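Each structure below appears as C-alpha cells.
Look for subunit A in each of the two complexes below; its partner is subunit B in the first and subunit C in the second.
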Partner chain A sequence: MKFFVSVLTTFAILLTSATANAAKCKYEDDEVDKFTNVRTVQSKQKLLTSMMSAFGRAPKGPHAVYAGNVTAGFEGDDYFLEMRILVETYIPDKPPRYELENAIVVPEDSHLLILMADGNIERLPVSRAYSFNSEFVPPNGPGNSSKNDYWKSTEAHINYALDEHMMTVLTSQDATNMRIEAGEDYYDIKIQKKSRGDMAEVIGCVQQAHASEVPVK
Partner chain B sequence: MKQLIALSIAFSLFATNAHAGSDSCKYKKNKLDDFTGERLVKVDWVDMTGWASSTFNRTIGGRKDIEVAAESTGGRSLLKFRLKVSDAVKNQPRESDLHSALYVPAGSPLEFTMADESIIQLIVDEDVRGKSRAKYDDGWFVVTSKFTVRYPLDAELAERLLNEDSVYLRLGARSHKYDFVTDKGTIEFNINNKAQQALKKVVGCLNQAQQEATT
Partner chain C sequence: MNKPITFATIIAFLVISSAADAASCKFKVNEVDLFTKQKLVATEWYSMTSAMSSAFKILVADRTSVSVAAMSEGDQNFIAIKLKFNDGVYNEPSNEDMRDALLVEKGSQLVIILEDESQIVLEARKTVRGVTRFGDVGGNPVVESNVVVHYPVGDEDIEALLEQNAGFVIVSATAGRFAFLDSNSQANFKMNRKGRDRFTEALTCLSKA
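Moving on to the complex of A and B:
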C-alpha cells in the first residue's frame, strides 16, 4: 500500500511540474515559411520594467524607458533576443513632422549590455541597423489622458543575435539591468525583482521549441 | 528699539543663510555608472538670464534666455548651455521655416571675453538643431526655439572660468528667416553678476564632484 501511495505521489509531482513548465512557455509565433521551409518561432514578450505607469510613477522623458519587454526566438537555426521598448514624453505643442522622424537610431555597431547578477556584463551585437519614428496623440486623444499636452511616444523593437555560448551564459543566472546602445544615446532598463529570470526563461522556451518538431503554437 | 535690532539681526542672519544655501551644489546625477564603472556627474541647470530679458521680452518676441549646466563622464567634461530665443513675425511659419529656424553646426565656437580682454574659446563637436514652435499672439506669430549645446571643457579652461571673471559670451549659430542670431552668426550675452555667479557655481560644482570622486 505504502509503495502504491509513494508511486502515486511521485507521479502527481511529476505531472504538476510538467504542467507548470509547459504553462510557463507561451509563444506568439510559430510558422514555417512556405517558400523557404524555414521555421520561425518567437516567445511571448515578458515585461521587465515595473507597472508603475498605472500610478503615474513610471519614468518620463525623451530617454526614460517607460516600458521594456524581452522576447526570444529563432529563424531556422539562428537565435535572437528581441528588446521592445516604449519611450514617451508629454509635450505642450504639436510636434512638426521632421521631429518625429528617426527618434531612436540604433547604428550597426551597437550592443545590448546586460548586467548579470554576479556583476559580469555581457554584450550582444545588434542584428542590423535600426531607425524608429515617433508618433503623437493630441490632448484628450485616444490613450492620452492629458487635457493640455500632446503625448509623444516611440516604440522600438531591436533584435540581437544569440549564439550557443551566450545562451548558456544568459540562462545560467538572473539579469538585473540592461542598456540599449543607440548611437550617442542609450536607454537603461532596471529589471524589476520578479522579472530578473524572465530573459533566461524566454531563451529556455525557444530552445525547447527548437528541439521539438511539433508546432508549439 | 532692542526689539527692532534683534529683528534686523535675525533677518540679516536669515538672508545670509538663504544666500549660502543657494550656493550649495545641486546634482541631477552623481554616481558610478553600472555598466562602465565610471563616475557620472550631472550638475543641475542654473539660470544666467539677465533681468531685462526675463522681465520685458516675454511677450514681444525678443526673448533670449540662457541657463548653464555641466557634466562629466570618465575623464570627459562638458559645459552645457540651454537657450530659448524668440522672434515675432507677421507671416505664419511653415514647417520648413521651423526646421531651419536655429542650427548650431559642429565646429561652431563659444567665446568668453574675459575681464582682461583675453578670449576663451570652446568648440561644439556635434550638430544641434533647435526645437522650434510658432504660436499666434495678437496679430503676430511668435517663433520660439529651444536648444542645448554641449562644449567639451578641459581642466585648464575650467580653472580659468572658475578663477577669472568673464564679461561677454558669444555663441556661434545659424538661423534662417528669424532674428535669433546677429549678422556675424552669433548669439550674444552680457555676463552680469548673476550670470557670472551661475557660471562659476556650475564649474565649481563639477570640480568639487570630480575631486570628491578621486579622494
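Moving on to the complex of A and C:
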C-alpha cells in the first residue's frame, strides 16, 4: 500500500510541476506563412524593469530606460531575442519636428550587451539597422500626467540574432543588466531582482515551441 | 603646553579645511561603468557667467550663457562646455530652420587663450546638434538653442590650465539663419574672475575624484 501511495504522490508531483512549467510559457504569436510555409513563434514579453518607475521613481539620465521588456522567438530555424524599450522625458516646450525624427538610431554593427550573474558580458549582434521616431503629448493630454510639461517618448523594438551556443549560455544563469548600443548613444536596463531569470525563461519557451509540432497558441 | 595646542590646532584646521575642500566638489557622476569597467566622473556644471552680468543680460533679454564641467572616462579627460544662445525672430521658424540652428561638428575647435596669450586648442569629440526651441522672452518671440560639447583634453593642457588663468574661450560651430555666432562662425567668451575660478574648480575637482 505504502509503495502504491508513494508512486501516486510522485506521479502527482510530476504532473503538477509539468503543468506549472507549461503554464509559464505564454506566446503572443504562432503562425505558419501560407506562401513560404515558414513557422513564426514569439513568446509573450516579460517586463524587466521595476514597476516602481510608474510611481515617480523612474530611472534618470540620458541613458535610462523607463520600461524594458524582453521576448524571444524564431522564424523557421532562426532564433531571435527582441528588446522592447520605452525612453521618455518631460520637457517644458513643444519639441520641433526634427527632434522627433530618428530619435533612436541603431546601426547595423550594434550589439545588445548582457551582464550575466557571474560577471561575464555576452554580446548579441543586432539583426538589422533600426530607426525610431519620438512622439509627444501636450500638458494634460492623454497619458501625460503633467500639467505644465510635454511628455516626449520613444518606443523601440529591436531584434538580436541568437545562435544555439548563445542560447545555451543565456539560459544557464540569470542576467542582471543590459545595454542597448545605439550609435554613439546607449540605453541601460537594470533588471529587477525577480525578473533576472526572465530572459532565460522566454528563450527556453521558444526552444520548447520549436521542438513541438503542435501549435503553442 | 602652548606648543602642543598650536600643533593640534594646525592639524585640526588642516583636516577641516581639506574636508571642506573635498565636500565643495560636487559630482554628477562618480561610478564605474558596469560594461566598460571604466571609471566615469563628471563634475556639476559651473556657470561662467557672473551674477551681475546675468542680471544685466536678463534686463536686455539676452539669454546667452556658458557653463563648464570636467569629465573623465577611464584615463581620458574631457572639458564639457554648455552653451545657450538666443535670437529674436518675427515669426515661428520652419522645422528646417530649427534643425539647422546650431551644429557643432566632430573636430570643431575650442580655443582657450591663457593669460600669457598662449593657446590651448581642443577638438569636439563628436557631432552635436543644438536643442532648439521657439518661445518668448518678455513678450518678444525668440529662438533659443542649447548645446553640450565634449572636448578631449590631455594632462599637459590640464596642468597649463591649472597653472595660469584662462582669459578667453572661443567655440567654433555652424549656425543657421539665427545670429548666434560671429562672422567667423565662432562664439567668444571673455572670462571674468568668477568664470576663471569655476573653470579651475571643475578641473581641480576632476583630479580629486
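As a working rule, the second predicted complex is superposed on the first by the 213 of 217 C-alpha atoms of A that agree within 3 Å, B and C clash if a C-alpha of one lies under 4 Å from a C-alpha of the other, contacts with A are read in each partner's own complex, and residues count from 1 in each chain.
What we mean here is this: a residue touches a chain if its C-beta (ideal position, glycine included) is under 8 Å from a C-beta of that chain, and two chains touch if they have at least 3 such contacts.
Not measured: the values here are computed from a predicted model.
Applying the stated clash criterion after superposition on subunit A shows that subunit B and subunit C collide. In the superposition on chain A, A:D77 makes contact with neither subunit B nor subunit C.
Contact with both subunit B and subunit C is seen for A:R179 once the two complexes are overlaid on the shared chain. Touch criterion met: A:Y98 reaches subunit B and subunit C at once.
In the superposition on chain A, no contact is made by A:D118 with either subunit B or subunit C. By the touch criterion stated above, A:E213 is placed in contact with neither subunit B nor subunit C. Subunit A residues 93, 96-99, 113, 115, 121, 177, 179, 184, 188 lie at the interface with subunit B in one structure and with subunit C in the other. Residues 93-94, 96-99, 113, 115, 121, 177, 179, 184, 188 of subunit A are the ones touching subunit C in the complex. Touching subunit A in their complex are the following residues of subunit B: 34-35, 95, 98-99, 126, 131-133, 135. On the side of subunit C, the complex with subunit A involves touching residues 34-35, 95-96, 98-99, 126, 131-135. Across the complex, subunit B is touched by residues 93, 96-99, 113, 115, 121, 177, 179, 184, 188 of subunit A.
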